[in-house]
Amino acid sequence: MELNVYLAGEIHTDWRDAIIAACGGLGIEWSGPVTDHAASDDCGVEIFGAEANKFWHDRKGALLNAVRTRTALERCDVLVVCFGEKYKQWNAAFDAGYAAALGKPIIVLHAPEHDHALKEVDAAANAVARTPDEVARALRYVTAAKL
Amino acid sequence: MELNVYLAGEIHTDWRDAIIAACGGLGIEWSGPVTDHAASDDCGVEIFGAEANKFWHDRKGALLNAVRTRTALERCDVLVVCFGEKYKQWNAAFDAGYAAALGKPIIVLHAPEHDHALKEVDAAANAVARTPDEVARALRYVTAAKL
Amino acid sequence: MELNVYLAGEIHTDWRDAIIAACGGLGIEWSGPVTDHAASDDCGVEIFGAEANKFWHDRKGALLNAVRTRTALERCDVLVVCFGEKYKQWNAAFDAGYAAALGKPIIVLHAPEHDHALKEVDAAANAVARTPDEVARALRYVTAAKL
Amino acid sequence: MELNVYLAGEIHTDWRDAIIAACGGLGIEWSGPVTDHAASDDCGVEIFGAEANKFWHDRKGALLNAVRTRTALERCDVLVVCFGEKYKQWNAAFDAGYAAALGKPIIVLHAPEHDHALKEVDAAANAVARTPDEVARALRYVTAAKL
Amino acid sequence: MELNVYLAGEIHTDWRDAIIAACGGLGIEWSGPVTDHAASDDCGVEIFGAEANKFWHDRKGALLNAVRTRTALERCDVLVVCFGEKYKQWNAAFDAGYAAALGKPIIVLHAPEHDHALKEVDAAANAVARTPDEVARALRYVTAAKL
Amino acid sequence: MELNVYLAGEIHTDWRDAIIAACGGLGIEWSGPVTDHAASDDCGVEIFGAEANKFWHDRKGALLNAVRTRTALERCDVLVVCFGEKYKQWNAAFDAGYAAALGKPIIVLHAPEHDHALKEVDAAANAVARTPDEVARALRYVTAAKL
Amino acid sequence: MELNVYLAGEIHTDWRDAIIAACGGLGIEWSGPVTDHAASDDCGVEIFGAEANKFWHDRKGALLNAVRTRTALERCDVLVVCFGEKYKQWNAAFDAGYAAALGKPIIVLHAPEHDHALKEVDAAANAVARTPDEVARALRYVTAAKL
Amino acid sequence: MELNVYLAGEIHTDWRDAIIAACGGLGIEWSGPVTDHAASDDCGVEIFGAEANKFWHDRKGALLNAVRTRTALERCDVLVVCFGEKYKQWNAAFDAGYAAALGKPIIVLHAPEHDHALKEVDAAANAVARTPDEVARALRYVTAAKL
């Protein structure tokens, strides 16, 4: 079975690369947000012109990034969403909620210390993984139909 | 006409192989659940860690299997669902109900002795077959447009 | 919060009455299939004429009952589905699958001995109850917002 | 114009009461999650039995709470979501994503210090308010059609 | 159970009145097309101005009637569609197809002589009735839950 | 038949009042945008704070107005949209496109001089009226089922 | 622009061949019902066993044919439906209604003598053609973007 | 990321060519309306026969063009809509409303002088561009994931 997998969430560690490497040979098409942090923050004003107010600077960028993320989210078969150690990461939880409302299967990746805070997200998911390797093994099982 | 056909239901006899063999040469893409019974039961704990409680052992496996089955069910054009001689097979009936709500055409395969117990499922279906060969002939007619 | 709750599944014990009695005073509108077994089986031929073949006798009844059950299922906010001790009850599992595909919250009521056979249904549900009283307490919590 | 407004997000301050009080006389039906924190955390095990593992303790509660929150979210016309000063509040962002995917208008309530972290949520919203009074004035404008 | 029932099809006999009279006391809200034949044919030009070309005369009327019929079709819980003895009645079959695509339960009313010509419509229906009284008994069973 | 009718388009003449007056006694619930031009333009900054840049001043207002207009558009059964003599009125055409995509019946009200420029909008509509009285007569016919 | 065009309606003249021949070189994928009349009538009983009652003989066939026709209808971009000189052709009108509810563009092909009887179908269509050649020219214009 | 981009709006300047040229090498499939103005106006009567009344002349053309535009709009991932200096361009705003209701990301291209008149359209969009080059840079960023 072939899958389109969207990798949502934090963009400061290499968890995406680890999953993709561990899924070599499977029929998986990967998608995700722009992971160049500076480009992601400034794309709106770079292309459409500067804003005096940081609020609208951010708005222009977030709206442009949404063209990519919403399109990819709606296309994907499975959402993998990673909550890391730093920042608020409301963006990741927003994507998980969006995917849940679309009925997409979700695999959440996070450390046990966040279990209680993420209980609603986890309850909407098909699996809670602790490492990128667990995510990869799950995707291998789903696509290749064997352990 | 090309079709994606999902083969739902019992995983203890070779009815899937019989249908697939009898449909050789047709433009049919086949899908279905993981049919390795042990893998299907244990996938959750094998990948994400053991559970002391069998209830949650089963839950982890069922949720992971659902990533595959829901995706395939939503992609399919036709659901073929087989009710065999053994076990409760609530899973098969659940898949049939799921497919019915999505508006998928359904072909049910079962022996006449289950006619009364399956009357609601049959009433939601486009055909009730008694043998894999009847299923295959129906799929041949639908795709090749001739008897 | 007011709810429309559909009570699906077996029609041979008084579990529906037990839940309804225990939910007295809550803003719940109840719905469900026809629970007069004979009427449910024979409604089709009683109204539209006898059938020589039992298969079509059943079909006429099942199709007519579906006018009621599908309408009520699509209207409901929550599906409660009970799996009892007797019969195949594929009908109950079919309704659960149908409700799951519509995104309805599901509460499953069954004894622990069926846990393994119902693991896929349970995994699609928001709660697994062992007694009508547990179902009633859950509905009370959801509607009245307190334990 | 009458509205059903869902008040999502933090349950540790009285922002809900402030909005409701300021909207007196408007045709607004209010909904929201269970705001009794202890009940919300323990409802699952209180009703369906204790769990040795805190992860499943949380899961049972989160799934039961979702019966209420998903039903209310899908019924509402407008989502108001508040991000407070404490905790991760991934739950609030999840609800916002869920509502966004359903096409619900969203009003976000948060302090300016979270502007950058919430830029994707804000970009999916119809308004960003700083105080409950601003939310109330917006709802008054929308329903009463005058400033 | 309360139902909204749309009565589609021929407007030259009193089958609608017969069904409504026989359903006295049931919680049924009735809807249907304009049954004043002359008004139905001429409403477009009467209101919006005459047309030299009969084709556009008809178009104006059909489009205006569709405001009523589409709205009522989408609101209804059950479609009852009657095929009478005269005219082509493509309109009735069109409404049946429209309702089928919306997933509405359908009860078809027609004489046996049209069985073969209506086999596709009948196969999309939950019941085929021969008399208004059969339709009424079916609606009574569905709403009152007894024969 | 009762209807919810949304009156979209220009807010500088009294066409809404004329239609509503001429529909006295019919079961029509009326909805529409805020018609106080100044309030509509300034609501965003009045409630959420001033903007130095007129572009964002307008954005805040348009987003807040959309809470009302989108909600009302999605609730309505019929859209009546008026194109007047002045201004670009892209807003009216946008609402018509929005309603068309939702499958809402549309009645367009405009003078013949705009026929060619509005041909795509008219082609998506069920009727093209020249006066508020024609709109009212059409709504009377649809709801009262007689000319 | 590439299109999937479903050719619905009568199966006794060669209108399908005429359209397909006249569209040579365009990027059109054609679909349609089984046009072998005997196979279409008898497929159900040929594959799944004889029926004593012609009504159920027809039912089995119609349900099996619906696997093909519904799948193709839901896949198509455009429905072309032909009403010929003979028979009731309720099937064609049913397909048109089904396609209209799905929002598919429709081109109707029929002689002027049926204009009045088909006015509701025509009013739901994007074009009314009198000859297969007109249908082909329309499809050529739509796909090749020139007259 | 590959995208299907629909280029809606004015057909009198070469803005489409400018965007397409500036996006060379990206995985973008372009779609749009027929841009041959005369063909677009007269296609209906050219193919299906002349009309005495210009209103119906326009209607036949608009309905045929809608076969192309609606199909392309529903297929596209992103709508780019240009408002030029001339004409009413209600058609462009209608397409934007249609796309907005389908949840398509929208990029609007117009001069600052139309900011106020287009504020509702802009508020439904992900970006407001001033030049074809800005549109192209945005599409490059979305598809290539870098500035």
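Labels A, B, C, D, E, F, G and H are assigned to the chains in the order they are written; within every chain, residues are numbered from 1.
Heads up, the rule we're going with is that a contact is a pair of C-beta atoms (placed from the backbone, for glycine too) under 8 Å apart; a residue touches a chain by one contact, two chains touch by 3 or more.
It should be emphasised that the depicted structure is a prediction, and the values quoted were computed from it without experimental measurement.
J.: Hey, what chains does chain B share as contacts with chain F?
T.: A chain counts here if it touches both chain B and chain F, which gives A, D.
J.: Taking contact as defined at the start, I'd like the list of chains shared as neighbours by chain D and chain H.
T.: Shared contacts of chain D and chain H: A, F.
J.: Taking each chain's centre as the mean of its Cα atoms, which chain lies farthest from chain D?
T.: G
J.: So which of A-F, G-H or B-C matches D-F, with over half of the contact pairs the same residue numbers?
T.: Selected from A-F, G-H or B-C as the counterpart of D-F: G-H.
J.: Looking only at C-beta pairs in contact, point me to the busier pair out of A-F and A-B.
T.: A-B
J.: Centroid of chain D to centroid of chain E, CA atoms only: how many Å?
T.: Computed value for the inter-centroid distance: 44 Å.
J.: Centroid from C-alpha atoms only, then distance chain A to chain C, rounded to Å. What do you get?
T.: 37
J.: Determine the centre-to-centre distance between chain A and chain D, using the mean Cα coordinates as centres, and give it in whole Å.
T.: 23
J.: Using the touch definition from the top, which residues of chain G touch two or more other chains?
T.: 63, 66, 103, 128, in rising order.
J.: Pairs of chains that touch, anyone?
T.: Inter-chain contacts occur between A-B, A-D, A-F, A-H, B-C, B-D, B-G, C-D, C-E, C-G, D-F, E-F, E-G, E-H, F-H, G-H.
J.: Spell out the part of chain G that touches chain B in their complex, as residue ranges.
T.: 31, 34-36, 39, 42-44, 46-49, 60, 63-64, 66-68, 70-72
J.: Considering the complex alone, what residue numbers of chain C touch chain G?
T.: Residues 51-53, 56.
J.: Considering only the defined contacts, which chain F positions touch chain E in the complex?
T.: 1, 3, 77-78, 103, 105, 107, 125-130, 134, 137-138, 141-142, 145-147
J.: Can you tell me which positions in chain D touch chain A when the two form their complex?
T.: 54-55, 58-59, 61-63, 65-66, 83, 87-102, 112, 114-124, 128
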